[in-house]
């Protein structure tokens, strides 16, 4: 287990460095310049500006400098936002995004679990079909469509909840619900499939043969074994949440990282694009690693080694 | 141990009944019921899945409309007529269902056709530049479907080749190829896609390319897993023992047995690609105007949401319908191809 | 001896998308206190479904007990509510499954899996449960039981796991133990150990055993009485000696004939029963075995044979036993067995005289 973990960790770091190099060279290929859209600048002024951000240095030298800074946790300064350090910008924005992401994950996982377990227990009944219809809907309706409709009906038309901005807990409800829809749907589908898989297992029949009641069989024998594989989708789930925050934060005007990323793209703010990209990648890589570890903790077959 | 039903001894029968019957060894070997091949069997099962068949019908209808829809209204998707801008949908005979040309401005509903003195009716209304939304939506649907289909096919081609080679050769080749794939999956694909779109000119080709850069990995995993499983199964070993060539093994045994998996995955990839296109267009990284896609239409509609919700609702409905249909059909296909997974 | 479990006309159907499969078609038998009854048959004959039906473990849907009764201690198990049935399972009637690799919960410790039943039926918890669990582990011959309590199934070998499954079944001293092919998935040496263990346990606890198997060698070793099953029906019932040395049903002849013996002449093919069992989606009219039966008569294709009693303990469902039926010569292997090992039996004598009835 320890060796395996170390190996995963090395892979994670390697992947991260690779992404960093890759994005750096991609940035260099970007058409347009961060200064283009500002007031009309003379070539001399532009040169001074480029010099200020070391953009006139040869590529290898800039790459080396960037990587050295990166290792020290320095992501450079923004070309916009008055040359503020990118790390500061990220730190400023991380709060709302993290809150939104965690809230949506918790809500989505809990709801999805309940839906999936109930659907499997009531297999081939109206409850099952209903739950599965909701989950197909959740997978098929893009979060931005769902968010737009929620915003229009609940926020604008009925005025029940705030339409946008990030001020009070009430402001977080609509974005959280919008973002969690996909999570709920995916988890429900996955858990249901796993539960049905487990239902046919011999150890469940044995549990029945022991004379246990339905509750004990469901919770002690089925749910636990069905949930272990469900941990694996938490990795892709994080990726989906990051994707989701881009549009959800835009729609609800949440001052988060996704919003920062999207606006930095439209403004060609290289360093901010790179910084946020690397930050998202790090979160993603970390989640994949965490899933691996969690899997080991929960499944005794892996935790204790030995044959599967 | 004598039981109630065992006192039939006294009963007498016609003695001809006790004549021996000539024994026919083959008779016992007869297999009851006609046998179906893999595809027939899958089709029989798919046909019984009402949701999947309904989805297939919806997909066909939407695809046909996306090809011929603009012709039905007789209007072009690009012609701008500012005097006819922002007309809500109006269909004669369907006024009761909301297609009445009315929109609420401030507090009171107004018939826009009346105020703008337009005699024609626009089934899905017009957008902010007076373009016919019906034609734009089907034009956009066609582009979205095209992007989804092409991206999915490229994913399949690359994925099958990569996964197939990796699994078939195994050993070091497999090891190296899998390490590469592993690192690629460690990258959040959305960010990669966005970066690619930033460097290349925005357009259909760019979007397709960007999506397929990491899109094939899932497919290659599936194919590799399937082939690894098949490779060690008895029927492949038997074929090999009988001297079948590599090509014969691949084309006669491995690919046909992987086809089900590939088709299912293809059907799940299409809605995924359509979603991604819409998503990119929504955050402003999609197609350049005036070209419509479901994503750009939704994006434009979102801006007018408060007064003209139809601009968002209609393209969203089509998008959701397409997504649901593909997902349900893919579910149905999975059940049909792999009865073991039947749920 | 006292009858403890009595099955009458048990009928089980599975509703599949292709149609209704009649897996068990009117099975009747009695189980007596402390005896071992073997139910023998090829795969798909319905023996496993029968055993699961007794425990009411047929998944519904698609399965359903459509007819019959299962009398146990004056109650019909078929009519019990789910709650009442839960109290019977594990306490009065327990079951051992075929594959020890899959019948234990991979994420639960051995102790918990055994103690669950103890808690449920006897209210044993804490130290009492631990003490009883250790007792059980010792009873089923697990070395170093204390160390096993906290282990998970994957840390044990197949044979050890089957011992655990047996310990779970024995936890509450059941009156009836159903063993559904308990040794099929095990190595031959381990098989013998597990069979010995079951015999040993039966002697110590006096539980009655229903032993489901397709292995006649195991039957000879374990059973007091045997019931032969074919296409969802019992076709011959008798003591183990009667079935092995005085079989009357052509299917039993086929089964015994296809059993290899060390004394066999190796140059000759092992006789097999030609053909395949009938499709129970459309059960045949008459005797289900008729198409594969080289002794078949016209009546076999038209009327289902009733059970014809041979002795107090032996009966078979074949028209060959009807007074009007012609005399048929059993296969040489059956004849040889009877004459060699039971020369004094009525069966052997009638074989010599050339008349089977």
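Order of writing sets the labels: A, B and C. Residues in every chain begin at 1.
Just so it is clear, a residue touches a chain if its C-beta (ideal position, glycine included) is under 8 Å from a C-beta of that chain, and two chains touch if they have at least 3 such contacts.
All of these numbers come straight from a predicted model, not from anything done at the bench.
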{"item": "Reference chain C; chain at largest CA-centroid distance", "value": "A"}
{"item": "Innermost chain, where centres are averages of C-alpha coordinates", "value": "B"}
{"item": "For chain A paired with chain C, centre-to-centre distance based on mean C-alpha positions, whole Å", "value": "55"}
{"item": "Centroid spacing, where centroids are CA-atom means, of chain B and chain C in whole angstrom", "value": "49"}
{"item": "Inter-chain centre distance, chain A versus chain B - centres from mean C-alpha coordinates, in Å", "value": "25"}
{"item": "Per-residue multi-chain contacts in chain A, two or more chains", "value": "none"}
{"item": "Junction residues of chain B - those touching two or more other chains", "value": "none"}
{"item": "In the complex, chain A residues that touch chain C", "value": "124, 201-203, 205-214, 216, 220-221, 224-225, 228, 298-301, 304, 306-308"}
{"item": "Chain B contact footprint on chain A (complex, rising order)", "value": "11-12, 14-15, 18-19, 23, 26, 29-31, 123, 136-137, 139-142, 144-145, 148-149, 151-152, 156, 192-193, 196, 239, 242-243, 246-247, 250-251, 262, 265-266, 273, 277, 280-281, 284-285, 288"}
{"item": "For the chain C and chain B complex, residues of the former touching the latter", "value": "17, 28-30, 225, 237-238, 274-276, 278-279, 281-282, 290-303, 306-309, 312-315, 319, 322-326"}
{"item": "Chain C-facing residues of chain B, complex", "value": "1-3, 5-9, 12-13, 15-21, 23, 25, 27-33, 48"}
{"item": "Chain C to chain A touching residues, read off their complex", "value": "55, 57, 61, 82-83, 86-91, 94-95, 97, 99, 102-108, 116-117, 120-121, 152, 154-155, 165, 168-169, 171"}
